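First, the structure itself, so that you have it in front of you.
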Amino acid sequence: ACVDQANGGGAGSRDQITAVGSSTVYPFTTMIAEQLVANDPDAKAPVIESTGTGAGMKLFCAGIGAAHPDIEDASRRMKASEYATCAKNGVRDVIEIQVGIDGIAFAEAKNGPKMQLTPTDLYKALAANPGGKVNTARVWRDVNPALPAVPIQVYGPPATSGTRDALAELILTKGCEASDPTAKALGKSDAEAHKALCTRVREDGVYVDAGENDNLIVQKLQSNPNAIGVFGYSYLEENKDDVNGVSISGVAPTYATIADNAYPGSRPLYIYVKKAHLTAIPGLRNLLKLYAANWGATGPLVKRGLIASPAGVQARSAAIIANETVLDPAVLS
Amino acid sequence: MPKPFKPSILKMTARNVSVAYGSKIAINDVSIDVDQDEVVAFIGPSGCGKSTFLRTLNRMNDTVASARVTGEIKLDGQDIYSPDMDVVQLRARVGMVFQKPNPFPKSIYENVAYGPRIHGLAGAKADLDRIVEKSLRRAGLWDEVKDRLSDSGTALSGGQQQRLCIARAIAVDPEVILMDEPCSALDPIATAKIEELIHELRGRYAMVIVTHNMQQAARVSQKTAFFHLGTLVEYGNTSDIFTNPREERTKDYITGRYG
Amino acid sequence: MSPIALLFLVLGLGLIGWLTARVRATRFRAGSTVRFSSLPSHHGWYVALWTAIPPLVFLVVWSMTAPALVTDAVLATPAAIQLPPPGFDRASILSEARSLADGRSFGAFHGLARTLAPSYAAAQSRYDWIATAAALLLAFAGGALAFTRVKPGFGARTQVERVVMLMLLGASLIAILTTVGIVASLLYESARFFSVVPITDFLFGTHWSPQVIDARDPGASLGAVPLFWGTFFIGAVIAMIVAIPFGLMSAIYLTQYAAPNTRKWMKPILEVLAGVPTVVYGYFAALTVAPAVRDLAVSVGISWASSESALAAGLVMGIMIIPFVSSMADDSIAAVPSSMRDGSLAMGATSSETIRRVLLPAALPGVVGGVLLAVSRAIGETMIVVMAASGVATLTLNPFASTTTVTKQIVDLLTGEAEFDSPKTLAAFALGLTLFVVTLLLNIVALRVVKRYREAYE
Amino acid sequence: MSDTLVPQIPVTNAEPVRRVPTDWTTQAMQSRIRRRYASERRFRFAGLAAVWLSAAFLAYLLITMVMQGASGFVETRVSLPVDLAAAKLPIEPARLVGRGADLALAGAGLEGTVDLAATKAFGKDGTDLLSDGAWAVVRDAIKADPSLLQRRTVFEVPVSSPIDVAAKGNGTRDAEAIVARLKASGALTRGFNAGFLTSADSTDATRVGIWGAFKGSLLTMIVTLLLAFPIGVLSALYLEEYAPKNRWTDLIEVSINNLAAVPSIIFGLLGLAVFLGTFGMPRSAPIVGGLTLALMTMPVIVIAGRNAIKAVPPSIRDAALGIGASPVQVVFHHVLPLALPGILTGTIIGMARALGETAPLLMIGMRAFIAAPPSGLADPATVLPVQIFLWSDQVSRGFVEKTSAAIIVLLVFLLAMNGVAIYLRNRFETRW
Amino acid sequence: MPKPFKPSILKMTARNVSVAYGSKIAINDVSIDVDQDEVVAFIGPSGCGKSTFLRTLNRMNDTVASARVTGEIKLDGQDIYSPDMDVVQLRARVGMVFQKPNPFPKSIYENVAYGPRIHGLAGAKADLDRIVEKSLRRAGLWDEVKDRLSDSGTALSGGQQQRLCIARAIAVDPEVILMDEPCSALDPIATAKIEELIHELRGRYAMVIVTHNMQQAARVSQKTAFFHLGTLVEYGNTSDIFTNPREERTKDYITGRYG
């Protein structure tokens, strides 16, 4: 009799939606939340916290109940290890919805050297140990004779950020495997060694960790025309007066090129929802419907600098929402 | 000056009292009697323990954490260090006046009324008014302050403040009044006033006064105790002590050989 | 009866107890010439406490257990069979039913909640009556018991004062609890960290890059020396290079030279510097100072200068610390007896000679203690470095290069996108523990120094 | 006053020795004096410079914030003709009163009507010119005057963030072109952005307000004050007046002194591990923020309180004890009233610090986006400084001025609190 | 006691000096002469302005922001308040000893060497040693401290500290020494030592001493000035003032009627 079942095991109940997770999905989720409140003045305003994907996963997977968030914004797919933790804590039925795409973009100041790069160039310029040797490249010409003798100076996200993960995964690994044929095999046999070889970024001041504040990167680019910045596509969009996108393998970062994956550096964005919460939390189902209503190519998602998923993906996601299909952990890596 | 043949009534008695601050012994084996209607003066060089001993008489030393008192002190035959003695009541019965005048930063009226209030000595406001007036009169301050009872006590001159403190002590109707160098912060005129007051209060309250000033001791007291290095060197009639001390040390001190 | 009403009822009874006991005590005092140890109001408080405290304690315990009892009662009703099995859904329906029953909400999200609400209300009121009865019983029993003790010789004051003392003691124990809480929570998580990463790797390793952690040797990229250096460099070197001269000279000027009026105005103005929230400093450092520092560096030919230079963060932090140093110095100088100053001036020394040769040496221990406290403040400062310093851990002596600090890494590790429960998040707690220990030691030393200094002039 | 009581001094009759005084007028002496004065002036100037530079930095900081932030209180509006009669919204006027009004208007497709009107008035991209909150202006107007539904009215609605930024002279080229066009047609006006003070966070820079964060701060501070003040004052009294000298007391004292200097972020870690982790309290709630900050503020109050209590001269305690006041009476009748101004000063300063604190609240999740102000202590909320931190990180340029504007609001409160503390201190700086 | 027929050399003269603290007048129209080899005592009730006037003599009042001095004070005929008077030199020539002994928290040696150092009176270390020794000898302290010159000055007893302060003042070889109740914080034995010292220094330095203690004034001074409420009531030979005061107020004060 000591346990109050109205408290769901002591953690209380709650009548507003809570979401945690990636700072990239955050703007979109906040906007959806705003709409929810605007459409129904009686609804309590959802609480959306930008914790980063990893820390968000930790909160999300801590359990079922009022004390734990309903939604996780993720700028990458849930990892199998994360799912395992979820399951261990009773969070078994998780709905995975892809809501859009984010592109990481390379940019330089308007008066910059109009660089044309490839993933291999970037890998050779930025990796700590390209090809297993300590990186000594100082100017771009060192990595590719076709490039100008401009000092390598790249402002990018910190190690803890999702954009950085994307940089490592989408650009560096690609460049690594392109330039070093053994890398791919290594990836299968020894994941750790592969990671160290391909994704470890040099720390000798060439790559400048510019903090999560991408606005700052834009400013820095303006004051340092030789530098290249790495940030979410939305910032490029927002600041296209001040900075130019840098073409990678001849493709300039634009909405279209990122949407069709021509520009390397696009990654899907997800939200994860606990099925068990759908019935318990007022408004949660409505919120999911609002996601679907807003992720169109002309909708607010794009206004927020993100990129709409291809139509097929959108349809699949909409079906998941409608059927409340739960995620099959087998697909996770 | 002391009247020679009046039968005396013992008010306080101290027997073999020693006081230590931590391991430092400040008073060693002192015995003294205080009579009902006498003024006793404590003299002695600085640091000899006069204040310490004085403060054992109303247990003000309880506030010093390191102080340990042994021996026996009785007030009207009752041991004041016995566990069933209520310190608060004891201090109401054995009042104290300090070296530096220390009126509360409240009005003159409130200064005097505070004691009666906390001890519940006055039922109605009129009672309280009466007590305040009586006490101020006894302290010889009434005429000077009657028109400004609501002024702050700290706005008075030093001598007036000290008399206010005496009035405050009188207000709870104590039986003994202890004074620790009450005049040392005052100018000669104020001093004279206080001395006069002590003369007037004598008989009504037993009084013990610590003083640095030997002339003052000679002027106001009937008995004098001379302390030195924590011991009581000599205790007797003031006239004897000053004219015909028994002990060499007393004589040396009085004639200014040391101090 | 609702808990609030009950609370007021109990307090009301306490008041009645207070009044009656007071009247009784006043009556037996009247006409008596004996001195009493307690005033009538002490007796009043004694009875009031006895009347109010037992039912209040009961109500606290009750309010923790009663909801569960009520829920169980509701679960026993027939309608409850439709409830889903125990779990989050069930809890949410039940709690909705409860808020409907309490009148806290109107619309229901779950239909079942509306069905259950009446039985909730019924059970609730049943238990409320039980609580009311029990509380009143306790109040009356306690009050009556206390009332019988109101006698002339009874030391009510001592009893009441004992309660007051207990309250005071309880309040001061909170500080210990807090400290224990901090130490325990940091130690627990750090212990987990150190079970993965050897403590020597963490404390003495010179390579910090949590981006990729090698599972075989996690310590290799979690060596915190660069963080310690960065923290020290920004907080104890650059910030102090700004704060000490400015703080000390301001204190000297304001205490020794300024006209009283200037002092009256300038001192609070400088204190405002300490009152500006750190997030504002951080914003300012990131948006204004850092670019300016970089531009300056570039203009003197240091083209690689980072816009997240240690200098920018340190400068702003130093400015933030100025009033802190200044007020510590001010206190220390003021603690030097003015007779020292007079003595020196009367020898024919100028003011500056007096200050440099007499006041400052005399105040030195105090100033040093103050500076240590300022350092501990600076190295624990978070927002400025979060917003203005970089995340790259470098071992550099160059103020234009970027460095990171312990606090910045804690925030990054705990709010970043990293995988969780890896050594990364635990590392934040290990860093927190280190920071705590270091500031603790600094403080203990500083307070010792200051205390010994104060005692010298007391 | 007999002389015999005072030690006598033998009188010396020896003839006093004459001496040659130091010659101060020699060249060497004079130039030495000049050097000493010069160094005196240099020293004094260094002090003056230190003071002025510190003050100048403060001024620079404040002026920068005011210059950047002032425009945050201003919004740009555009005249938008809306023909509500033609739109034929399915709304019965009867539903436009009371709680249902918002629901009715939201459901009636008012938003679409406004978008349509925008497209009609400004062309294909017309909706991009309007703030997301534009239709709410129309809604509120209708609520105030339902008869608007029967006619065509020109509303002054806020413009979207890029246009707003451009109108304030800082926008992109495209936006500035649009602004120039609208200005020429006289459609743009400016006005006080009341919404900034009354609404909560939003994703659209033109709709954001600080009220939500402010209310969060308020609730947090209430919890902090209610906990830290009594506990702080009581512990200060205990330590200063009653605590016996023993190991426990030393432990308490050491704890408090150290807590006062523990970095605030550590309190955040404590809150995260203990309040959220162990006690399972709600994330992002003012009650947790308040608790965490109370633990942080309490030692400040204890230390200020102890200093204030220490400053009450012991003679007052002796006086009260000497006429038979009990130790509790001494403290509550005399010491506490006299120390109160000092304690209050310390409390206000501690509270001001708590109000400006950010780092620990980040750790306990008070950094969430919440589009509505909190209504209770357990409701999720954010606080002003965290709101500033969040906005400083926003992509949209419109947030730059809002960040500074929020800083202005925060600073106004902090300066006011500091001002009160300083006033109290000066007013009651009594030395007994 | 003073020798009657020695020709006196005027060292300091004050003419119509008034001092105000803000709007409060503390000294009103006082004129006094101080002779080369005399000790002048200032007596008077508390608050009458003795210290204030004393501090105008070496412009120590300059350190009190609210203090305003009018009138004329001359040292060897030179107006000390004239703009071209250098305060720093003035204070070296007119030394001062305070009520509470205030040695610097430095070694005994450094205390004495402080003045000579800042004024550059000693070239080499040996010079300085000589000055320190000479000053300590003159202050009668050499024998007591010569073995522990590097101990802190604050570790000495009260009386020794006061003599150290005198030694410190002597070390810059002043012409006048002002002393503000130099013995009031000391016990009688230490007082006697200081009084003896004053006797010995007489003739070498002109001295002005403020005292509360009339016997002390009588013992050490040749001239006495009696102040009351900021005015100079009477100034004359000490023997005259104490045996045959001209003014009624002086007489009343000296015989203890007020004070």
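We just call them A, B, C, D and E in the order they show up, numbering each chain from 1.
The rule is short, and it goes like this: a residue touches a chain if its C-beta (ideal position, glycine included) is under 8 Å from a C-beta of that chain, and two chains touch if they have at least 3 such contacts.
Worth saying up front: this structure is predicted, and the values here are computed from it rather than measured.
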item	value
Mutual neighbours - chains that touch subunit B and subunit D alike	C, E
Greatest separation from subunit B - chain, by CA centre	A
Nearest-to-centre chain - CA centroid comparison	C
For subunit B placed onto subunit E, the superposition rotation in degrees, Cα atoms, nearest 5	175
Chain located farthest away, centre of subunit C as origin (C-alpha)	E
Pair with more cross-chain C-beta pairs in contact, given A-D and A-C	A-C
Rounded Å distance between subunit A and subunit C, as computed from the means of their C-alpha atoms	35
Inter-centroid spacing, subunit E versus subunit D (mean Cα positions, whole Å)	56
Distance from the mean Cα position of subunit C to that of subunit B, given in whole angstrom	48
Whole-Å gap separating subunit C and subunit D, where each centre is the average of the chain's CA atoms	17
Residue numbers of subunit C (touch at least two other chains)	157, 286, 350, 353, 387, 414-415
Shared-contact residues (touching 2 or more other chains) in subunit E	88-89, 92-93, 118-119, 172, 188-189, 256
Contacts with two or more other chains, residues of subunit A listed in rising order	12, 14, 42, 50-51, 213
Contacting chain pairs - touch in the sense defined above	A-C, A-D, B-C, B-D, B-E, C-D, C-E, D-E
Footprint of subunit E on subunit B - complex, ascending	45-46, 187-189, 191-192, 256, 258-259
Sites on subunit B touched by subunit C in the complex	86, 88-89, 92-93, 118-120, 123
Contact set on subunit C toward subunit E in their complex	259-260, 337, 339-350, 353, 357-358, 361-362, 456
Of all residues in subunit D, those that touch subunit E in their complex	1, 3, 6-12, 15-19, 21-22, 24, 28-29, 32-33, 36-37
Sites on subunit D touched by subunit A in the complex	102-103, 106-107, 132, 136, 172-173, 200, 202-203, 280, 282-284, 365, 367-372, 380, 390, 392-397
